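Lettered A, B, C and D in written order, each chain numbered from 1.
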Amino acid sequence: MQFISDNAAAAHPKVLEAIAASNRLDAPYDGDEWSQRLDDAFSELFETEVRALWVSTGTAANCLALAALCPSYRGIVCHRDAHIEVDEAGAPGFFTGGAKLILLDGEGAKITPETVAAACDGIRKDVHQVQPAAISITNATEYGLVYHSGEVAALGKLAKERGLAFHMDGARLANALATTGESPADVTWRAGVDTLSFGFTKNGGLNAEALILFRTDLADEIEVRRKRSGHLLSKGRMLAAQILAMLEGDLWLDNARSANAAAQLLAQAAADRLVYPVEANEIILKASDEECDRLQAKGFDFYEWGPGQIRLVTSWDSDAQAVDRLAAAIAGL
Amino acid sequence: MQFISDNAAAAHPKVLEAIAASNRLDAPYDGDEWSQRLDDAFSELFETEVRALWVSTGTAANCLALAALCPSYRGIVCHRDAHIEVDEAGAPGFFTGGAKLILLDGEGAKITPETVAAACDGIRKDVHQVQPAAISITNATEYGLVYHSGEVAALGKLAKERGLAFHMDGARLANALATTGESPADVTWRAGVDTLSFGFTKNGGLNAEALILFRTDLADEIEVRRKRSGHLLSKGRMLAAQILAMLEGDLWLDNARSANAAAQLLAQAAADRLVYPVEANEIILKASDEECDRLQAKGFDFYEWGPGQIRLVTSWDSDAQAVDRLAAAIAGL
Amino acid sequence: MQFISDNAAAAHPKVLEAIAASNRLDAPYDGDEWSQRLDDAFSELFETEVRALWVSTGTAANCLALAALCPSYRGIVCHRDAHIEVDEAGAPGFFTGGAKLILLDGEGAKITPETVAAACDGIRKDVHQVQPAAISITNATEYGLVYHSGEVAALGKLAKERGLAFHMDGARLANALATTGESPADVTWRAGVDTLSFGFTKNGGLNAEALILFRTDLADEIEVRRKRSGHLLSKGRMLAAQILAMLEGDLWLDNARSANAAAQLLAQAAADRLVYPVEANEIILKASDEECDRLQAKGFDFYEWGPGQIRLVTSWDSDAQAVDRLAAAIAGL
Amino acid sequence: MQFISDNAAAAHPKVLEAIAASNRLDAPYDGDEWSQRLDDAFSELFETEVRALWVSTGTAANCLALAALCPSYRGIVCHRDAHIEVDEAGAPGFFTGGAKLILLDGEGAKITPETVAAACDGIRKDVHQVQPAAISITNATEYGLVYHSGEVAALGKLAKERGLAFHMDGARLANALATTGESPADVTWRAGVDTLSFGFTKNGGLNAEALILFRTDLADEIEVRRKRSGHLLSKGRMLAAQILAMLEGDLWLDNARSANAAAQLLAQAAADRLVYPVEANEIILKASDEECDRLQAKGFDFYEWGPGQIRLVTSWDSDAQAVDRLAAAIAGL
């Protein structure tokens, strides 16, 4: 019974159907009818004119955006545990040509205007020290915490004051929005976000992420960077079709609600063990080595997450029975 | 009626079936059962131990290989019309960190030991001029010509003598082999090739290419570079499954033969107009602007290819009727 | 008797005196009194407000400018024999992060609006082909030819029309201006040039070049890039002092005139052998292998410059006797 | 009275004499007689065969070495306050193509086998996290602490066990050796160091650093990288001559001893305020804002170094009277 990650779950049947339905000759790259519908679809969702580009991975989405927002000789402010720092093999350095990640502390991988300001203020304004050019946050965070629109807006305000661009890694934005009930617009561009990696792969897609550009002027550059980094698929319709299927009837929200609901079941069972409140589909809880072994012995798979902690991740298709059994097993530890 | 490119054709039904069949939770990245079978499958096909990595695009396959073969401060010898020079948005410069493409002339985008040697000999052996580190050829070439194993071996011999690595862009290797009937081994590692981009997307796949490493010692580095460039899919099984489906029962060869057969029909109809012999699935032929207009008026789509030339490309699923009608239309010009 | 290059000649005594005179503790980097005078000194020389940054080499000057003018994913139009293409070890690729040099033909390493326009027109306006962002010319060229202000202005006009930035490699600009008698302003910013590498090392300096920014908005970025590439000397006053000494009393022009005068003596002696008119301090002339040997046997050092050609370079301190003897030797071949 | 840094002190008269003495035409780049003597001179000093390359700045020396030791997709372990992290504008990221600095804590900017091992052990051995390739230490450190040969050897042993390369930033190595009395060999290659930036600029040179390669096999690559980064001076003899003058009669050691002696005078006066023991020519001491103001009011210039601390740096030519007066002023606070 898998609680390791949502990144390797099956794709939703409607996603596969959409891929099959788009399997016919059309214009290559993003000239096909599906790709051509993305701008409008996301402009509607976000209640403003956006440009939307498909890519195959979250790493690509994040780093294409960051390369456009931060020149090689400047830096990106983010949390010390951000995915872009910890789990992308240095991809931001590769895509930007060596920009620096300026790392902040903060509970649950969240950053605040205060921690950002303090980090920036600690940098001498001279040519010897790398000056920041952008802020990047992950929503929901790597520990399953959610930024509410007010929190994002406070960061957006600071970004504007300091002349910093603002990127959001939304690999699990769907889970965040399913929790807060806020609108996509409120937590992004209305809060000052310039670019968003909108994740679908972890949420029922097969291999599709949307890079949303609220600054539409960035599109030309990023389209070139996408090609140059090998991320322009000749049959891009297969990515666009997945994304459109996820948007159709708000499947993306339904899927995220399912994953979150499963997480809440586990959170209740583990209430006295939670390291962080469970706000999306990730549960970090305390468990001794011996307890960890007992759970594994019962057939549950998950990450050991530092000493004395484990991480459980639910997904859109988490098996209800397996969730119940895991909840019971945790309660019975 | 599309003769623009094979890159946007539909995927073969068996490829879609394979994607669907692999749509279940498994280990992420390339830990799943499909990905884990690639090394063996290609080792059998190539009659030697190889490492085989899936990637989503030919640009990624080419450039990941070239980055491992050529340090940032050296150069890659290739034809002036090579895809890596002309149509990848400078991706080799991005992936290598600024290596130089050293460009050769040659009929039909082919290079020879003589042209390679002459280019290398023209470079002063000092720190001021960029020294070559690798050779890259495209087989079949961008004009549809085929390198026979003897030609490749002659280049491989020169590469070895000069201490150069040797890469083959095999976006249409299937078409080349369908024509020559040679074995995959003979035209690659037995001829001195170190790394091969083995293309499936143009030949019935959806978005899958295999990067074949005959030098298996390169695998660790290239796996890191794949992740770092955003090309490690979390549900990589969907790429592996496509490739395995293409290998199954030599579907890749069948598909290439279909495309080539369609090309031969057109070649016969255009015999007196051919710029190059038709050895794969691309036909470059002479046509005046007026003739070009007439073909387009009849509903045929294709690239105008320089002054007075057009390019036709057939694919695995080229419509037999459309081919016949185009053949007739050319003959009737 | 050395006619190999002007790049290794002795520095002028006044340059050494200036270094010695600046040898006292002052603010580090470019905070010292000499460095602080550069902007004004060059603004006066160029009759407009400029920013002027010292660097140690022409390669650094050229590539810092080009990195600011051309993003990593675009290209720089230049002559096939330009120093940046041929003799800087791929430095433009390193500094820009992989931008492409788009190479033009042209007699004597000169480019024209026609050749630039033709090259640009040959590039498809899509994401697959590298789009140009800048033009770079060398004045005087690598073959000793001079761009007059009218020629530069024609290129500058085209650059503006096409949205291209315009850089001049002026490693031997002094020699060019000594010949034409034109003003520095006329051949640079008034003709549309954005950035200029103004060379002093080949003209009596020790190791000092001035990077002149007619677009003063580029200064902040280039100052960071200078530091980041290791080109910000802590005792930068030693570079500034050299440059100021060269400007003092137009020493730079006097030195260039001396070199040019020596070149003219040789040009007259070799009138029937000249491959190009001698417009600066480089002489390319035809000489058989046997003639070449005879000159070398008499103690003259120079480059063999392709088959049947040799290159002679005079410098500010070319020994008059040696020049006379070489002129006689050539005349007597 | 300047105690801000040793980096902007005057050059030693013998260094200027050497530059003047080398001011005559010779082979360009590093073909001249001075440059050609460096390998031998340093091989003798280090009691083993080394390759020695001049460069103009410490940033260039460090980063050329690091680029050869660490591929773009791996990391360099160093202290959080290392010069390469804090004060080189991200130059390591530029020269390596985006390698990551893996940052350690430690008193006085020193790292130990324990902190290095802990950092490496904290990195998962997969493609998602950046794997270390090299260690870099600064000796003397950015806070004026010295690594003894035993400490270096312990790091060198760990480096070897872990397959990591080992670089030493020796911008103030002279000061360290003047304190310990150890041999250059013992604290470098005998302790496992692969490459050394041997600083002269801060110690009486004008703009010259020697990059010492104990792994002589790295020389070819680094020579190319030096050219490619614009650091190959055409009149390189002016750098070689400075370095040779510094080696002559152990001027480098004499200068370092002078700077250290001045530092000891200040250390004694500030004994109860020292943040770190004074082991080289840097003194970090506690001083309230008000005390700081009083020192500045008396004409002493220095860096405020974080809250409640100031940094004093002495140099080879620190004025004895000024040192005495500062010592008295500190004692009298």
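Operating definition for what follows: a contact is a pair of C-beta atoms (placed from the backbone, for glycine too) under 8 Å apart; a residue touches a chain by one contact, two chains touch by 3 or more.
Keep in mind it's a predicted model, so treat the numbers as computed, not measured.
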| item | value |
| --- | --- |
| Shortest chain-hopping distance from subunit B out to subunit C | 1 |
| Most remote chain, CA-based centroid, reference being subunit C | A |
| Centre-of-Cα separation between subunit C and subunit A, whole angstrom | 50 |
| Averaged-CA centre spacing for the pair subunit B and subunit A, given as whole angstrom | 34 |
| Two or more partner chains touched - positions in subunit A | 29, 72-73, 88-90, 94, 97, 127-128, 224, 227-228, 232 |
| Residue ranges of subunit A touching subunit D (in the complex, touch as defined) | 72-73, 75, 86-90, 93-94, 96-100, 127-130 |
| For the subunit C and subunit D complex, residues of the former touching the latter | 2, 4-5, 7-11, 16, 19-20, 23-29, 32, 55-57, 59-61, 63-64, 88-91, 94-95, 201-202, 206-207, 224, 227-235, 238, 317 |
| Touch list for subunit D against partner subunit B, complex | 29, 71-74, 97, 127-128, 131, 221, 223-228, 232 |
